[in-house]
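Quick heads-up: structures coming right below.
What follows is a pair of complexes built around subunit A, which joins subunit B in one and subunit C in the other.
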Partner chain A sequence: MKRIKNIEKCDFFYKLKRKLKDGIYTLEVALHNKLKRKRKNTASIERENKLNLLFYISLVTLPLLQVVVFYFYVNFNSFFLAFQEYNPVTLRYDWALWKNFDNIWFFVSREKTLLYCFRNSALSYVVTLFISLPLALLFSQYIYKKGPAGGFFKTVLFIPSIIPEMIMTTMFLYFADSFIPATVKGIFGKEIAGLLTQGNTTMLITLLCYSVFISFGGNIIMYSSTMSGIDKSLVEAAQLDGATQMQEFWHITIPMIYPTLSTFITVGVAGIFTHQLSLFSLFGADGNAYNEVWTIGYFLYSRTVYAGSANYPELAAYGLLMTIIAVPLVFTVRYLLSKFGPKTD
Partner chain B sequence: MKRCKLLCLIFAMCFSAISLGGCMGDLFEDGNKNIDATKVQIYVGTYDGGYGQEYLQVWKKEFEELHKDDEYVTPSGETKVGVEVVPNLSSDYGAQLETMIGSAQDDIIFGEAFDYYALAQSGQIAAIDDLVTETSPFDGKSIESKMTTDQINFYKVDGHYYGLPNYEAVYGLYYDVDLFELNGYYFNKNGQLITNAYQAELAAGNLSYGPDGKTGIDPKTGIDYSIDDGLPVNLDQFFTLADRMVEDQVWVMTYADRLQFYYNQFLTSLTANFMGRSEMMLNQDYTGTSYTLVESIDPDGTVHLQEGGVPITPATGYLLQKQAGRYYALEFTEKILDSTKLYAYMPFTGSKNHVDAQDAFLKSRYPDQTSTNTKPIAMLLDSSWWYNEASGTMATMAQTVSPQCAANRRRIGYMPLPNETEGGKQNTLFAANTPSVVIKSSVEDWRMPIVKEFLQFALSDEMLSKYSITTNAVYSLKYTLTDEDEENATYFLKSLMAMHENSEIVYPISTSAIYRVGAGFTSGSARTGFFSLVDGVQKTYPSNALGQDGISAIDYFNGLSAYWTAEAWERTYGTAF
Partner chain C sequence: MKVKKKKHLPLLFGVLLAGMILYALILGYMLFWGVTSSFKGRLEFADNILGLPRAWVFENYYYALRNFVSPVGMRNVYLDEMLLYSLLYAGGCAFVSTACCCMMGYATSKFKYKLNTVIYGFVLIAMILPLVGSLPSQIVVFRTLNLYDTMIGMWVAKFNFISVYFMVFHAIFKGLPVSYSEAAKIDGAGNWRIFLSIMLPLVKVTFVTVFLLFFVSYWNDYSTPLLMMKSYPTIALGLYYFRFRQTPDTSPRPVQLAGAIMVFIPILLLFIAFRKKLMGNISLGGLKE
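For the complex of A and B:
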């Protein structure tokens, strides 16, 4: 009896599904008849061109507006500011030509702070390039090849990327400064300072590890998605030729995802000058983090956030200098990657 | 394909609309849509941290009650008056004002850390001479009469007032009075630590007169000089007390080591107290003579001062890095953060923020099974707004631990900072942050009178007293608590009021051009005051450098002058001289 009821229930849903499908199909046909392409004449072609134009305009307006406002407008002002100085009497900016650059050179040449910043920023990029990236590629290949529990790992590893950064950093602070020392004390009976304790030698390495950890999930999603677009026939051909997993990874996967890979390597170079190694989230904007772990991004941010009108010209000069270094570097890396990288053909 | 394009088009337009909508939104809006549109509203904005917004709610209630039967004439007829408090959660509220005040909803802004002169000269804030100088109908005094000479000079721009002082915040050490009394952590007239004999010495009137060298209540002024009786007067006594606390398994102090600028602010307070007002003001006005410049320091820490006074001008301001007060403050830091002495509770975790430190301090005498710390903490390093910030913790503790933990029953006081004398020196307080209150110039002419009236009402003696009772803090004007409020005041507030009345106060304000380009202790969020160059590395935070890097107070002090050479000073502040 129960079975009959279930069949009746299934039948009802089947019919409902059919009806819905029929309804959608009828709607599609009606829409098609209404919008169906008529024989193209000049007028209709013109109309279509206009529509296409409107389509493209609507797509590019926002990004263009963003570039104009947030890149050209903002930097336009900063560019001139780099050659000015603040007059505290008139409360205006007067021309100062190279004075700000001269001042930067004076302070940089006598202090190590900016050297630390360059070192840490470069180190951060090196770690990303030689540890984060290979790990992400290998794991992406594992997921792409549908290794056991690949989907599960994909989800779990992506979770840090969707949890708000402030929550992640708070948890990590607790982990590094409370959990680890308590665990070490519990197991070995030895008292150690928190890994992120200011001035502790473990601070920089902990920050670098956190950087790898936090970017891992996002990288995996990105690379595994790109890998899933690889033509299956290529892979099958390689397998028929007896290619091993590693050979397949090296000779098929890497060349096929190379455009994505090279783009992100290039963008990463530009990021050297802005990346702040989670220092802001972990230690706040006040330059609270220990000087020796600062990056260029954090240095500029912490100086800017509490700067007054008198400080802006020098900060603008810093920004301009960083651009002068970053632009040729980015183009060189891009050129080298396109010249010496693997070709998809 | 066509449908796909159509969909893309719709999406693109939606995104554009959302983005532009976001740009056009009022950045100062708090999302409160329940505004009574039938009333003419006065919008009052503030940063909803530290002292919070509750005092504004009290003023709102009182002002609306005052005008409950009045009709205000507007261009569209007569209507009632209302006050809307616009709390802002961004700690950059002050900085935002400089660019956003034109589009701000707020009519009156109780802000901090904004460039008052830039706003005044750009015409973005209203001239309020009438409001400041006229006798207030609410207390029969002008607001100007409640201001100090420094404040009057600072707030007058080209002969006009555009703003008024806001709250007063003092970074310092706040001590647990009950713990001190329990363990007898006071000194007698012979300079000896009392400990077990506290009650007997107290009864015999043998407590020392404390750092101010006075006791009792002055019948003329009503100032209570006894509030610091028995407390340490100099570094020697302070560390004698600290050593005793360590013996007793008591932490001397705790602080928010994650917010290192808190310690720098405290260091500024300490320096001000060592130096006194006139030497401290040199760091803002850069005009005068310094009599405390260090000639040399012996390895044992003995300081030799330069003989005679050294004239200070904006061009020679870098010489002030040699002021002895800075050294004494660094020497204090070197000792209190000495990791071998265990004075400070968890000084370098890097993860303890102000709330963690407050909680650790408040709960330290009431540990439970989950407590990581089981030793009492005698003092908290924080700013005076902490008591208001911790009101939630104290309310919870009053319910769950003991009614004695309630804010109005707990006895916590401001510890006068030690100096280098044997007592008898007036305390010098350094008020942090340059908080000001201004009225936006774009307030409509027909609303301006009522907006000004609200501010005049708020700064009347009675309302200032209510401010103090609500926030447990002092407002940066001269006033006294009403009798009723005096009776209900917490020990904490009484202690702050007594210190305020009994001290010279240095406000971080100056009309000098060099101060306006950032030369001063607290510019750049209290970091520039202690820039030091040690072995080619710029040090910003003495707490870390001295406590962890093993740099000595003498080296750090010499590094101040190494950083601020004549050339570095000229390159940084040269536009002002």
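For the complex of A and C:
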């Protein structure tokens, strides 16, 4: 009996030992597998990260290099150029500190040209902000809400922006200078000078009207497609509450597209200093345009066209002065737009 | 239950409709007047300003074509050569501009690196930062790099992503679900393959639209070639020369109008062919959530 008991006991220990061994082995295998897989995973993730980084670098390197040379270097160089002068003997630019600024001061103190430029450029921005922009937004609302013949008018408003500026201005110049005086004479029997005749007081107003006339194109496309992304349920809710189109425009459309809108207004500030009011296409070289209608953009561009290496430093100095005025202006506008813009709620 | 829409036009839309009809009439009439006047005789233009031409003078177009030249150094460049330069300038610049915006848009939206925030912020600031009057400096730099007055120089200059279209691409790529690229990755596709054969076809419509918009703007641009590429006059620059050259053959107004209309034809054909694409939906995704 005792022997049998002993055998059973042994058997029990034997089984226990086997079980333990098996368990340890399974655990080992599992642990081994797990560790191996983990090692494999980290290796493949690392490899993928490396590949991604390589791909990313190959995409961004050239564009960034371009920006470094043609944005950063060009603008830094422009800054330095403002304090240099051209040396016709060595064909290099030497330092001349304030000489260019003295020349500018001399010009400003004798002539009103720059004053006119500032006035007209500011006027042009005001017209853009308070006439072109609201009209563009209203027309976009009309197109987005699918008003009658909206698609047709979208095309019509877009046309002036694809017609080359030279062609539009050639037609407009003769239209304003020949057609309109002839029409006025035919209807009222009164002789008037062409609207764009040099020195005529109607010139500036005509130019501003023309700039509004051709301004819609791309803006309307941009605004109306942004508007088409507005949540339909919001509009439906407003309609159920009996909102008129004007109320919907003012209380839903404008606040909803405000991010796009404010970006465009801010970008537009830079336009004050580059907008030419089509003067160069209409009149070409600066001698041909009556200086009371000049803008800053026209002044700088036409001077650059007719400048040689010797004139570049002075032009760069003009640029620097304008930039000093423009940068705080842009950030003020940006601040005001974010402060007084519609709040999300 | 279907609710019948109100039949009458809201007051605001009535006013807008009237405004747009007026706009269409003025624009249409101006173009119509320009086209018909280009067929008037030189003397007739002075006394018959408003009416249709009494005798249709087609020679105006002949004079315009014959005198449509750009002076380059000692020689004259004619319309056929200008057409080639226009295609190279507008086509090449539009392609590199679009490709650059697209590449950067993809890189900054699909990969998570800190540099992305810097790039996006930089574009935002560069777009609103008015650094005025850098043209002279640009010319100086171009001269230093031997890129001044070359076609390649223009392409290099336009390979730039400081543009609203960078943001357009950024927004679009960001909106595309990750599952597309993940599925391709499981099938063993590399990054370039995913970008070229999966992502690009998905944004094809936007790519073509942006390309066409760039193309039209470069085609119409005479101011950059006038400053930077005088030896390769484009058609737009040719029109500028044509407009301000004072010769007995070119200065009469009907001939001027004929020249303008003549070069308008290619862009008109392009517009008719790609009207839908040119006016396609493009947005920055700038909506309040």
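Everything that follows uses one rule, which is that the second predicted complex is superposed on the first by the 269 of 345 C-alpha atoms of A that agree within 3 Å, B and C clash if a C-alpha of one lies under 4 Å from a C-alpha of the other, contacts with A are read in each partner's own complex, and residues count from 1 in each chain.
Quick note on the criterion: contacts are C-beta pairs under 8 Å (C-beta built on N, C-alpha and C of every residue); 3 or more make two chains touch, one makes a residue touch a chain.
In this text, all values refer to a predicted model and were calculated from it rather than measured experimentally.
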| item | value |
| --- | --- |
| Partner chain(s) touched by A:197 [first = subunit B, second = subunit C, both, neither] | first |
| Touched partner set for A:319, first subunit B, second subunit C, both or neither | second |
| Which superposed partner A:246 touches (first subunit B, second subunit C, both, neither) | second |
| Subunit B versus subunit C as contact partner of A:306, first or second or both or neither | first |
| Which superposed partner A:290 touches (first subunit B, second subunit C, both, neither) | first |
| Partner chain(s) touched by A:118 [first = subunit B, second = subunit C, both, neither] | neither |
| Which superposed partner A:101 touches (first subunit B, second subunit C, both, neither) | neither |
| Partner chain(s) touched by A:62 [first = subunit B, second = subunit C, both, neither] | both |
| Subunit A residues touched by each partner, larger count belonging to subunit B or subunit C | C |
| First (subunit B), second (subunit C), both or neither touched by A:174 | both |
| Common ground on subunit A, meaning residues reached by subunit C in one complex and by subunit B in the other | 51-52, 55, 59, 62, 174, 178, 284, 305, 307, 309, 311 |
| Contacting residues of subunit B [partner subunit A, same complex] | 2-3, 5, 8-9, 12-13, 15-16, 19, 92, 95, 115, 117-118, 121-122, 257-261, 348-351, 513-514, 516-518, 523-525, 527, 533, 536-541, 544, 548-549, 567-568, 571-572, 575-576 |
| Subunit A contact footprint on subunit C (complex, rising order) | 9-13, 16-17, 19-20, 23-24, 26-28, 30-31, 33-34, 37, 45, 49-50, 100, 103-104, 106-108, 111, 113, 115, 119, 122, 126-141, 145, 156-157, 159-162, 164, 190-192, 195, 213, 216, 219-220, 222-223, 226-227, 236, 239-240, 243-244, 253, 256-257, 259-261, 263-264, 267, 271, 275, 278-289 |
| Partner subunit C, residues of subunit A touching it in the complex | 51-53, 55-56, 59-60, 62-64, 66-67, 69-71, 73-75, 77-78, 81, 93, 135, 138-139, 142, 145, 147-149, 153-160, 162-167, 170-172, 174-175, 178-179, 182-183, 186, 213, 218, 221-222, 225-226, 228-230, 244-246, 249, 255-260, 263, 266-267, 269-270, 272-274, 280-281, 284-285, 296, 300-301, 304-305, 307, 309, 311-313, 315-316, 318-320, 322-323, 326-327, 329-330, 334, 344 |
| Complex contact set, residues of subunit A against subunit B | 31, 35, 51-52, 54-55, 58-59, 61-62, 85-89, 91, 102-103, 106-107, 110-113, 173-174, 177-178, 193-194, 196-199, 283-284, 286-288, 290-292, 305-311 |
